[in-house]
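Here's the structure, in structure tokens; my notes come after.
The chains carry the letters A, B and C, assigned in the order they are written, with residues numbered from 1 in each.
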């Protein structure tokens, strides 16, 4: 077991270092910070409620940066696999394919978490600064607990998406098909709630509703993990059950996706 | 054939000239287009149906912010001659889409109240529906029920509903004390005129839109006229022990002359009670 | 050390490509301390053989034993050093990063890794480039670094896939010397190469395959001699095989 943990840690370390030293990742962080700063140009349009647009902007950048990271960096990393051939020197060591899948997932997750943590801290400091510089009526509430909850929910969904990319990579060869299917996955996950709200009210279509519910379980709604609207409101209270359910479902989904990815990697020919 | 084609410096010179012509052509067309676009009147296009925006998932609040900016740009840039009825429907649809996507955004409700409510009676009704989203999105805000109350009193002339929403506003945190007394005033004799005056004055303080401010100033002056008459009736009552039979009884002892009402306002003295009306169809 | 018993491998049908048999009933045995050279034309099944040894792919039938165990057990690879044909390493890593990975996954501690890294980087003329990102390495440097990764943990068995690939004549001569040293140290070496001169100089056993079938397996002395070099014998074997298949 100890040897397996070492394998996972070492693979994760390689993935982390490769991403950390990659100029595009550094560029992504700088771009995000610059975009966050440039957002202030638009704040004149919000005379009454400065907190909400700033909060929207900060979280939207974090969502966007996460998606760019996943769709472009993570998918490329998966292309190391057979397309570029880096998987061969890795698996030529006493490393199992399960170690490989979990190691890559851990490395990508750690890198994404660092990137988001940087943006999250900067975002929170920005909100505190703005709250301190305007009258209380223009920025009445800023909940640290809700900010943390919204931040970790965002991160949970993005880690879930990395697990999905791992699963797709285990089943399909080549980074481009994985990229296309990852986009399709996200598109379905975002569009499905709209379809459900339009079709799901009809009492006569039980079969359709079951299918939509099943699809919703397969393609979790990203908006469920988008809790930025609660950060500045006094109305919502957090309950332990709500938090456990939100993170629990994301965690279990990730476990299932990675489990399947390990199974598929374990069975396939790497050629 | 190849020998006919110029070589060396001649070719370079021709390429340079050709490149300069292409560049100059692009710049000329761009400037012409840009100048034409600047002269085009600002238009407020209707938003897409909300489900299209909903697909943006975690970005939907940012979409709402952008729609709000677009609406503000239109409202800030429209000319004074633009007929409000020409854009009222699109404005309503923009606000509805924004409040659906981001009901917590307080700026929508202020902007809706200052730019949509006063256009027409249907606009005031639609405005109240949009403001209702704010009751859920920002339940701690006293201004939102206050706006709904004001619209009911001012544009829909339904004092019963107005009293209900003003009372609701009075019970919110940080609500000024006068909001509660307004609700009481509305239900007293002549109180609608006093309450109307106070409401208009407060609304004028709340709004930054210059067009609405000038409208409210005109309204306030009419209410001030009515208040003068109301005070004269009270003086008449104090001295004579009863109210005047008609308003002309106040002249000349209590009032030099009846004020001249403008902007569709008219004073009505019915059952020995003074009412201030605005003719239907007047914004 | 390596035992293939009637191993068959078929690649399944893919879009635009029919299924094809890559290896047919391949059997051979490499004993401890021996050096075996695998040669064959393009598409003969050389890479398939190596991938089967490392469990990158699985056989349809037959049995493979590596160091007395199944290649599907990761622990088997603890004593294997593998050099891929086209070594592709992440561009933004540095030599110590990949060497640390190689060492830690083979159970070495930090001191052992540091000492072994220094030794092999020096031996392979990479010490000066140790702290440069791999994107600045030439193809030959990447190949040598991969060699260092393969040798870091002092493996009993070396599997080298085209070890001279991408090297200039000087680098090639150096690697040939290194393989000879390793052979003299008594390590078991399995390697495939297109450079038949090098194979002839380095191996004691030779395995010739063509279109997935074994054409020859035995001591190099049985196949060629100073008057009949490996290249001419190899061409002869391949032609005979082609003719017999045409008939």
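Structural remarks
The criterion applied here is as follows: a residue touches a chain if its C-beta (ideal position, glycine included) is under 8 Å from a C-beta of that chain, and two chains touch if they have at least 3 such contacts.
Everything quoted here is computed from the prediction, not taken from an experiment.
Using the contact threshold fixed earlier, the set of chains in contact with both chain A and chain C is empty. Here the chain at the heart of the shown protein, by mean C-alpha position, is A. Chain A and chain B, compared by their mean Cα positions, are separated by 40 Å.
Centroids of chain B and chain C (each the mean of its C-alpha atoms) stand 79 Å apart. Interface residues of chain B, counted against chain A in their complex, comprise 51, 54-62, 64-65, 68-69, 72, 102, 104-107, 110, 138-140, 174, 208. Within the complex formed with chain C, the residues of chain A that make contact are 3, 6-7, 10-11, 13-14, 17-18, 21-22, 80, 84-86, 88-96, 99, 269-271. Listing the residues of chain A that touch chain B in their complex gives 42, 45-49, 52-53, 56-57, 59-60, 63-64, 137, 140-141, 154, 189-191, 193-194, 197-198, 221-223, 225-226, 228-229, 232-235. Per the touch definition, chain C reaches chain A in the complex via residues 11, 48, 51, 54-58, 74-78, 80, 82, 84, 86-93, 97-98, 100-102, 104-107, 133, 146, 149-150, 159.
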